[in-house]
Structure formats: C-alpha cells, structure tokens
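Below, each structure is written out as structure tokens.
Both of the next two complexes hold chain A, though its partner changes from chain B to chain C.
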Partner chain A sequence: MILSILIAGVAVGSIYAMIGICYNVMYSTSKVLSFTSGQLGMLGAVFGAWLIGDLQWPIWIGFPAAMLVGVVFSMITEFIAVRPVLKNLDQHLYVLSTLALALMVQTAAAIWWGTEPRPFPTLVGLSPAGLAEKYWLPVLVCVLTMVSVDLFYRKTLWGRAFTAISEDADAALALGIPERRMRVISYVLAGFVGALAGFAGGQLLFAFFAIGALLTFYGFIPIAIGGIGSNRGALVGGLTVGILQQIANYVVGGVFVGVVTFALFIIVLVLMPQGLFGSTVARRV
Partner chain B sequence: MTRSTTSLLRLFALAVGVAALPFATMAQTSAPPIKIGWLVALTGPNSSPGIGFDRGIKYAVEEVNQAGGIKGRKLEVVTRDTQGDPTKAVNAALELMNREKVDFMVGPTNSGEGLATTPLIARNKTPSMVYGVVDTLIDPEKYPFTFRILPSNKQWTDAAHNYILKNLNAKKVALIGDATGYGTATVNLSEQELKRLGATISYKALIEANQSDVNSDMQKAKSSGAEVILVWSDSAALNARLINARAEANWTAPIVGHPALGSGAIKPLLTAPGNWNAVYNIGYKQTSFDKAGKLPDETSKFLSSVVAKKVRVDDTTLWWIAAGYDAVQLIRRGYETAGSSKPEDVKKALESLRGFAGAYGRYTYTASNHNGYDVNDIVMNRADSFKDGSYTLAPGYGQ
Partner chain C sequence: MTALSNVEIPPQATPWRLATRLAPAAAALAAAGLLPGVVDNYWMQIAALACIYWVLIAGLNLIVGYAGQLAIGFVGLLAIGAYTAAILCEKLGVPALAALVVAGCSGAFFGFLIGLPSLRLKNFYFAMTTLGFATIVTQIALGWGSLTGGGIGLPGPVFPPPFDTPLGFYYLALAMAVLATYVLRNIAISNFGRGLVAVRDADVAAEAMGVPVVRLKLVTFTFSGGLAGLAGALYAARQTYITPDAFTFDLSVMFFIAVLIGGRGRIVGPMVATAVLTLLPEIAAPLVAWSSFAYGLLLLLVVLLLPGGMAEYIDRIFKKRTVAARITSPKVAAIAGVIARPDAGPASPVRVKGVALAFGGVRALDGVDLRVEPGTIHGLIGPNGSGKTTLLNVISGYYAPNDGTIRLGEEDMAGLPVQSRSRLGIARTFQTPRVLGNLSVLDNAMLGAYSHFESSFPLTALGLPRTRREDHAIRERALQALTAVGLAHCAQSRADQLQHTEQRFLEIARCLVMQPQILLLDEPAAGLAADEIDNLASLITKLSTLGVGVLLIEHHTDLVFQISHHVTVLNLGKVLASGTPAEVRSNKEVIHAYLGT
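== the complex of A and B ==
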C-alpha cells in the first residue's frame, strides 16, 4: 500500500514539477507567472491523444507535432497576454490577461475535443518490474527535462542570457542582450516543457479538457514551495505535493486533498516566503 | 308569403348553410394550439440526454397531431436550448412563460437548471414536467404544479440497495462517491438507508473526480472485506479509474451504482475490456433486453414505430427517447382527463393517474406525490452490454 501511494505520488508529482519548470522558464525572462502553463499540459495531452491515438500517426511525427502546438500557444501567450502588460507589471495585469487566455483555450478544447475524458495511447508498451508506463514515463521525462533545462541554463549562451535577464533586465539590455527575442525564445522553451508534461502524463490524467485548470493550480504550488525561479525547488515542491496528495487521500479522504495541499502551501509561504530554494534579494534603500 | 317565396327562402337558407360549412370547419381547426415550452440542453456538455429526450418529444407531438390533437387542439412545441446553463435556463423559462405564454413546460433536462427554474415556473402556476433527479426538485406543497418523469435520486438509490441486498445477497458494502455535491449527498443518503436495511458500510470514500490514481482507495475497500462496491459518480474518468483499479487489485466484487457506469465514454478508458465485467448500472425494465436479447413487447413495438419514422436511435439511448415520448403522452392524458386547459384542472387530472403505461415506465401521481415513476421498473443493467440503444438486465432478475 505504501509503495502504491509513493509510486502514484511521484508520478503525478513529476507532472506538477514540469509545469512548475514551465512557470519558471516563462518567469525568467518576463517576471510573469503565466496561468496558461497548465493549459499547455492539457494541449500536450489532448493533441498527443488525437494525433497518435485517433489519427494513428507514428510517435516520431505525432510527438513533435503535439509539442509544436504547445510552442505555438506559448508564443501566442507571450504576444497577446504578456507583452502588452509588461509595462504595468506592478499592477499584475498579467493575472487577468493570462487567465483569460487560459479560459479561452480551455473552452475551445471542450468544444472541439469534447467534455468527456478520452484515453491517451500507450507509447512504449513496457512495464519494467511490473511498473505501468503511466507511472514511470512522467518520472523519466521529468528527470530528463530537469537535467536538460539545467544544462541549458548553465552551458548555453541563451541559457546564460535568460539568467542575466532574470537577475537584472536593465543591465542585460544595456549589455546588448535582445530582451524581446530572449523572452520569445523562453516562451518557446516553456511551451515545449508544458506540452511535454501533459504528453508524458496523458495516460495518468487522460486527454481531458479539464486537466488544464488542475495543472495550473497544482503546478503553481511547487514553485511557491520551492521558490519562484528555482527548477530544483519546482522538482522538490512537485514531488512533495504529489506524494502529500496521495497520503492525504489515503488517510483523510479525497475531499480533503485540496485542503491539505493548500495548507502546506500557506505554511511554507508563512515560514519561508522565498520558498525552500529561493533566495532573498537584497535591495539598496 | 307565397309558396314560391318560401321555397326560395328555404333554398337561400340551404345555400347559406352549405356556403358556411367551410367557415365552420375553419373555426374548428383554428382552435388555439396547446403550447408546450421545452427547456432542453441541446448543445454544451450535458446535451446527450437532451438530444435523446428531444427526439422522443418531437416524435410524440407528431403522433398526437396526426391523430387530430387533443380535443381538436394541436400541440405546438416551443424549444429553447439552455446549453446546460442555469442562467440561460431561467431566462428561457421567463421568456416562454411571459412572451410565448406556454400552457405547459417540459424540462429543463438536468437538476442544476431545474433547481433554478422550478420555483419560477411554480410561481407562475404553469404545469410542468421535469427531468432532473435531485430529490428537492419535487415538492407538491412548494411546487404544486411540478411533476417528475424520471425517477428521483432516492428511487435510484433504493433500486441499487434492493439489488445489492436481495439479488447479490451482499451485506458488507464499500460506498464510494465523487466529491461533488451530488456524490456527497448520495453517499450520505445511501449510508443511512443501507444501515437502516441492516447492511454494513465497511468502507466509505469521497474521491475527487479528477484524482489520477485510486488504487489505494480500492485496496482499502478490498481490505475492509466489502462484498460489493457501490459507486455514486457521473464522472466517466473516475468510474473508469475505479473499474481499472478493481482489476489491478485482482478483486472480483461487483460494482453497482450510477447509470454513468454504463456510459460509452468509459469503454475507451479501460485498460482491458474484461474489466467491465460484473459492473451493474441503474437501468429501466421497459428498455432493457432480457437474457434472450429481447425487449418487452410494448417497447419493441415502440422502437419499430420510432425507427419507421426515421428517428435516430443508434447514437443515443432508447430510454431517453422513451422518456421524451412519455412527457407528451402524460400531457395528452392530463388534458384529455381534465377536459379543460386550466392549470388547476390539469394538475388534478395528472394527480389522478394510476399506473399510466408509457414507453419508458409506469406513472402514478397523487396529490401528495409528484414522483410518478414506478420504483419497481428501475432495474440494474450490465454496464458492458449497451447495444442498439439499450442494455441487458443484470443477473438475478428471473428472466
């Protein structure tokens, strides 16, 4: 029983962690927490199921096509919901703009795809040591994503440019880093990561229009717990939320899962507002 | 007056009488129609039942009108698509009552909308038939002109409890619902009733409809020694996960419960088709196949006549069409018995119905009971048996 709880918790926590990474990548160049992150996961699951499951496209075509949908939607998010409000970040207008866009895409998915959950196809067909693909695939993909994003930030010029912009956008601009182009590229990357989260987790969550809202909320909590901007924090936070949800469901029942999750969120915010891995920023006064 | 003048006058009177005949006929056929306001979700997430009911209603109205209407008055259906939205349902109900001045209201087709519109319709004293199952929709004192066609939620739970205790001879029940208002209320209702009937609730759980993994819940239910799993959820995702989790737990206890356990949306979500064995959903005797694969004779005739009129049945459920048909037949009987279209008279006429046989079921209404569906006509169906719009009876019905 304990093993079953851990396996399920780690699997779903990995999906939350990847959505958290998606939030972080968008935040790194725009200082915007985009509420379309969860919908990227939904699009990855829905289009993956449609292209590979319904249209029977081979995985090597269906997978990049599903990722392309996430990338395009993320670029639309940057253009429509983020760029126009960047001048008024202190008014947090991005909350309304990204939420509105998220609701629009959710409704569009409900109309086109339908409001019933549909199956996501089996991709690899392997169950090592009896572990179903729906459990090991999200974990594997999450680990690979973490490592790749980490390497990207530390070893590539673009990654360093992202870091520079996130630390001091004005200084980065003064150094000639093309801020807008970097922001668009970061949203491309975020779109890929978000769609990948939904694609890898499709067998667990189903291809369902409603998972977007779920991932938006439960993908936000890991970065609040782990520290906004910290991908390691998103991983720890995501796994913590996933496992805690399963434990809460087992011990107190499904009705209280949301209560327990948000209680953890509030406790961490009160005790460590910067998150587990976030850093306090010194400000000259 | 001379004889020739009298004859002329008689001839003139005869000519006038003959000439007036067409006008008399016109006067007869120009009796105002009986307007039925039809509140239905034809589009949106809850539209599947509405589409089925709509076909039954339109078929029934055509049948009644072709037979000359009700005492010479044709039926006219004024349809409003509520899209499953209570706000739209309220606006549509007000428009139908105030502008269209309908004589009778049918719908809405789900409980959420019904809870919003029923008080308004009742205040206007418009007789109405509702399709929602939530128990509070019907109250002969609060809503004296509102009647229900479908069974109430209490009747559903009673039928499931009877099947568990009498047909399956199970005493220990694992009771699971989703964490919605419906699931929570129905689980509590079931728990109360089952305990009263001498059963033991060995496990009880409320699960979020979107919870990705329910294996631990199923393990706990199995460990509790439950002999049957009673499920109250209309979520295809949750129901499919529970069915799959039962298979993964290598557990053969039957799953009994909500009609949605037999939904077509579940099949593609199952990890193996055999997982759907020993799953029994609420169904209706009139529209269920027996072991030999036959529908009741009256239903077969109904189905043949519906198909002959080119009403589609292949993409919907037969009982939805039958329930739509019955709404119109009940209205017809109400007006015929009342002999008038006054709401009070129609209400009394409906309350005098005893065992009125429809295509979907039998109805008995009284002054103190406006839930007319006969609970003995509610049965359990094999969830994996859907074919040609109907299900097969679950084992144990003495077929």
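== the complex of A and C ==
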C-alpha cells in the first residue's frame, strides 16, 4: 500500500517537477511566470497521443513532432503574450496575457481533441520488476531533464547567459548578451521541457485537454515550495506535492485531493513566501 | 480664503448642477426601469442576469480596478453565495430573502479569506491562489454531495411574491444593481477610493501617507465578497437549479474582462462592458463552444491594445492632454491655513540615538545621533552612499534599525509601522516622486489627509452627508496646499501630466495636507531650476517658522547652508560633523570628505 502510494506519488511528482522547471526556464530570462506552462504539458500529451496513437507514426518521428508543437506554442507565447508587455513589467500584464493565451489553447484543444480523456499509447513496453511503464517513464525522463538542464546552465555559453540575464538583465545587456534572442531560446527550451513532461506523463494523466490547467496549478506549487529559479527546489517540491496527493487520495478520497493541495500551497506561501531555496526580497524604497 | 481668489474652486452642489450631473444616471435608470415594457420575458431574464453580474463586478471593480489585485477567481465567491442560499432554502426552509442576506454575509466572510493571502502575495502568486480557490470551491460542491447535491445539484431559492415573476425578479435584480452602483460610487470617489488607487499605483507612498494598507485591503475584499455573495444568491434563483458546472472558470474570466475593458478605476465603463458581455453569447449563440476562446482572445486584445480600458481610450480622444500654464509663483502665505491644527499641542522633536543598520556586511548606518527640533530646518548632507536616505527610511519606518532608538517627543517609535508614524505626524517625500498618475493633482494632495477622515468604510459606502462635509473640508485644505506650492491652477489635471519638478512640489503639498509635525524631504531640489529652488527655499523656511521641524536631505549644499539652522554631515554611515552651518562649513574633515584633499 505504502509502496504503491510512493510509486504513484513519485511518478506524478516528477511530472509536476518538470512543469516547475519549465516555469523556471521562462522566468530566468524574462521574469515572467506563465500560465501557459501547464498547457505545454497538455500539448505534449495530446499531440503525442494523436501522432503516435491515432496516426500510428513511429516514435522517432512522433516524439520530435509532439515536442515541436510545444516549442512552437512556447515561441508564440513569447512573441504574443510576453514580449509586448515586458516594457511595463511592473504592471504585471503578463499574468493576464499568458492567462488569455492559455485559455485559448485549452479551448482549441477541447474542441479539436474532444473533452473526454483518451489513452496515451505505450511507448517502450518494458515493466522491469513489475513496475509499469507509466510509473517509471516520468521519473526517468525527469531525472534526465534535471541533469541536462543543470549541465546546460553550468557548462554552456547559452546557459550561463541565461543565468547572467536572470541575475541582472541590464548588466547582461551591457556585456553584449543579446537578451531578446536569449529569451526566445529559453522559451524554446521551456516549450520542449513542458511538452516532454506531458509526453512522458501521458500514460499516467491521459491525453486530456483539462490537464493543462491542472499542470499549470500543480506544477507551480513545486516552485512556490522550492523557490522560483531553483530547479532542485522544483524537484523537491514536485515530489512533495505528488506524494502528498497520493496520500490524500488514499485517506480522504479523490475529490478532495485538490483541497489538500491547495491548503499546502497556501500554508507554504504564507509561512515562507520565498520558498525553500529562493532568494531574498527586493528593496522597496 | 482670500489667497484663493484666483483659484477655481469646485462648484458647490446647487440643485441645477446636481440635476445635470445626475441626468445621465437618471436616464439610464429610467431606461432600465421601462425595459419590461419593450421586451419579452426571455430578454428580461437576460437583463436580470446582467444586473446580477454587475452586482458582483461592481465589487470586483474595487479589487481589480481600484486596488489592482489580480483576483481572477471570483466565480468561487459567486458559487459560495449561490450554494449558501440554495442550501438554506432547500435543506433548512429559510425564507429566500433571509437566505439572500446570509449569502451576502458568507460571501463577505470568504471574501475576507481570499483577501488574506493578498497581504503577502502579489501578482501571479495571488492570481494563482484565487484560481486555486475557485477550483476547490467547485470540487467541494462536487464532492460534498450530501450538502450540495454533488453533480446533480440543488434547486435555487424561490423568492416570494412580488419577486416570483420574471418581471418582479428583474426589478429585484435591478434594485440590487442600483444599490451596488451607489455604494461603489460612494467608495470610489471617497478617501477609500484614493487609498485603494494608492495601494495599486504607489504602495510605498500609500504607507507614508498613512493608508492602513492591510486593513484597507481586507475591508475591501470583505465588501466585494459580500456583493459577490448577494450576486450568487440571485444567480441561483435566476438559474432555478444549480450544479457545479454553472460556475466555470469562463465566468470568472468574463467578470475580469468586464472590469478591464471598461477601464480600471472607472464605473460607467465596466457597467457598459458587463451589459455587452452578458448579451454577447445571446447574439452569437452558434459560437457558444468557442466562448472561452473568445474570452481569452478578448482578454489578450485588451491587455495588448487597451491596457487602460475603453474609458481611458475615450478620455484620450476627448480630454486635452496638456496643462495650459506651467508652475506659477507659490503663495507661501497659504501654508498657515493648511497646517494649522487647532487641537494640536506644541510640536515634538525627533530624536535619533545610536541608530545602526547593516545590509549584509555593509554598515549603512553606524551609530547615528541626530535631533530635529520643531520649528527648525535640519540639513543632512553627505557623499553618495553615506546613508542619508537610509536614515530617512529608518525614521519613517521602512527599515527597522539593528540598534538605537528613534523618538518623536517622548514616544519610542520602535516597532511602529510606517502608516502609524505618518499618523503621528511624520511626513516624507521621495527621491523619485511617487504620485498617482491616474488621479487628479487635487486628489493626490487630498491623499495626504487620509488618516484625518473619520467616516468608516460602511458609512462612506452609504454616502451620508457627514462624509461629504468631511471630504469638502479636506478638499479645501488640499487646494490651499496646492496654492501654497504653486500648483492650484492645475488642480484638476491628471498628475502624470505634471513635469517631474512639479511632481516634487505636489509631493510636498501632499505632505502639507497631512499637517505634519516633522517633514522629511529627500532631495527636493534635485532637477529644479534656480528660481524653483528659490521657491522651495521660501516654502521650507515658511514651514519652519510655523513650527514644523524639517529634515532636509540635499546635494545642493548652497541651499542647505543658506536655510538650515543646523547641519549634520554623514559619511560611511557615521556622523562626520554636526553644528551650525558656519561650523560645519569650516570643518576640515567635511572639506576632506567632500573634496577628497
């Protein structure tokens, strides 16, 4: 019992953590938290199911194609919902513009794909030690993503440029870092990570239009717990949320899982607004 | 009042003026009242729905439009109001009108609850909490079947005659909408409206003006929640049967768009937008599956093209944008009428003793002593980074010192928040003027008297004559303050049309309206022309002769030495020298610190 709770919790938590990373990557170069983060996961799941399941494309074409959908939508987000409002970042219009875009893509998906959850095809078909693919795949992909993103940030020029922009955008600009191009690249990366989260978690969450909003919320809580900008925090937070939800599912029943998660979210935010690994508050006066 | 002879005072409310001002509202009301004579029952129910939505949106307008809080989950409050009324009527047999009242109260309570996180969380974080709130309300409604009927739902309350016909119900909804509009307007044009805009546009300055940000936010959330709860009960009656599906997130987005399209901080705009958005699905019925998409698109377009809403767009076309005449000569004599507090005793000195403050490893202040006597000007100079502004922030309460005390008279200020200090008579200006660009110059000045208003939020909402008298008195005081600094001729202009230097003088006027004991000026002469500096000097001097203590931070040392009674020099967080201007001027260390020789 406890083992099955843990397994399911870790698997779902890994998906949340990846959405958390997706939030972080966008935030690093633009200081924007985007409501479209979870919708990227939805696109990954829906297009994965459509291309590989319905159209019977081989995985090696279907997977990159599904990722491409996420990447393109993320670039559209940057171009339509982020870039025009960055000029007055202090008005926080990005909250509304990204919300609007998220609502549009969700409605479009609901109309085109239907409002019923549909199964996601099995990709590898291996169940080592009786562990179903839908449980180990998200965890494996999440670990790989964590490691790659970490290496990317620490070892590559682009990754370091992201860090530079996130620490001080003006100084980065003065150093000759092409801020706008870096922002687009970071949204491409975020689109990939977000769609990957949905693709890897498709078998667990199903290809369903509503998982977008779900992931937007449940993927943000890890960030709130771990602190914005910290991918390690996103992992810790994601696993916490995932396991807690499975426990709640077992103890109080499915309908109230959202209530428990929301309570956790509020408690964490009110008690420690900066999260576990977050940085300190900015100067006000 | 003779000093004001050349100033246009807002006209008194004569019956004729009152009639012309109320004419549009009366016409709209008459049209709404006569509507049932023109349309059939179906359209009357649509009109009732628009009225119900407006009851909620009127409250939401205060939160989103005025206070600038991104509360995107108000549908949760609508659901709470609806379920409260439905459960009371269905399960407990409570009369519908009583259930309506209780629904308003439960809405108010939950409004208070969603207001709590707004005290610490901003923007995306807060938006997320309200979104989460809306989600769990519907989840609970779905899950707690024994109470809410789960997915099957509950019948809505049925109102007694004469409200049980479509016609009667429409008039009930209309009456509630009119009431909501009336209270919204009363709050919007009041002190509280200005305070909310200050929370939105300049929260730091709001505290310095004595706006109790925490309390004001919570009161407003409670009030809006109450309106949303009332709207919910009416909504449940209008739907006749409610299920969790009736409270989709789309509805929340629609409410939000209505406020945004209509214009933040407006009344008529959001009202028109509500009517249009309610009608839209009726006209475009075949596209109903795409309604969420349309709302999203609409939201995106508003944010990108019309961030100020339609109202501001129309304003821009019809209202002249520039102020005709620029700053005139100030009439410093008018200050006497502004800052005279009939009830006040002798002013108290501010005493700073051994104040130390470190940011990480940097010792910004390192044992500073300083005393500002009433009726004197105390100059505070020092090189960049010497800790002048930090000291000012410590005195006004933005930073808590690590060590040392600050007293106003005998009162120890330790632990007092900014707004309490401002209420005790500590006023300040900011290095970069923090004015409310959307409000008129006069409203900005009136904000200074925030804590002088005695009417409570509910009394103000009712629009009692006492509140208006109070408002009128403060308005006159603010006009005099504007006269004193030379801005009276543009009292009705928007503050963001003022030049930077004029905004500095506006900040000073705002402080005068506070009737302060101590005025802290942070580089008031920065960017001023020579004649403006002269004006500033005579203003400050006049203030000190009237008994106000002035702490003047300035880089224009000429000005400081010319008008100060006492000068303190800071360097690297420590007092380098202190004494009369003549003593300080000849101090070797001061010369060394400034000239580096």
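Couple of notes before you dig in:
Basically, the second predicted complex is superposed on the first by the 280 of 285 C-alpha atoms of A that agree within 3 Å, B and C clash if a C-alpha of one lies under 4 Å from a C-alpha of the other, contacts with A are read in each partner's own complex, and residues count from 1 in each chain.
Assume contacts are C-beta pairs under 8 Å (C-beta built on N, C-alpha and C of every residue); 3 or more make two chains touch, one makes a residue touch a chain.
Just so it is clear, the structure is predicted and the values come from calculations on it, not from any experiment.
In the superposition on chain A, A:244 makes contact with neither chain B nor chain C. When the two complexes are overlaid on their common chain A, residue A:43 makes contact with neither chain B nor chain C.
Look at A:22: by the touch rule set out above, it reaches neither chain B nor chain C.
Legend: residue contacts after superposition of the two complexes on their common chain; A:123 is shown touching neither chain B nor chain C. When the two complexes are overlaid on their common chain A, residue A:204 makes contact with chain B while staying clear of chain C.
More residues of chain A are touched by C (comparison of chain B with chain C).
Contact with both chain B and chain C is seen for A:253 once the two complexes are overlaid on the shared chain.
Touching of chain A by both chain B and chain C, each in its own complex, is seen for residues 110, 253, 255, 258. Only residues 1, 4-5, 8, 11-12, 110, 115-119, 204-206, 208, 210-211, 214, 246, 249-250, 253-255, 257-258 of chain A touch chain B when the two sit together in their complex. Against chain A, in their complex, chain B makes its touches with residues 45, 179, 184, 205-208, 210-213, 215-217, 219-220, 236-237, 240, 265, 268-269. Contacts from chain C toward chain A in the complex involve residues 70, 72, 116-117, 120-125, 127-129, 131-133, 135-136, 139-140, 142-143, 204, 249, 253, 256, 260, 289-290, 292-293, 295-300, 303-304, 307, 389, 393, 398-399, 430. On chain A, the positions that touch chain C within their shared complex are 33, 80-81, 84-85, 88, 91-97, 99-104, 106-108, 110-111, 213, 217, 220, 224, 253, 255-256, 258-259, 262, 265-266, 269-270, 273, 284-285.
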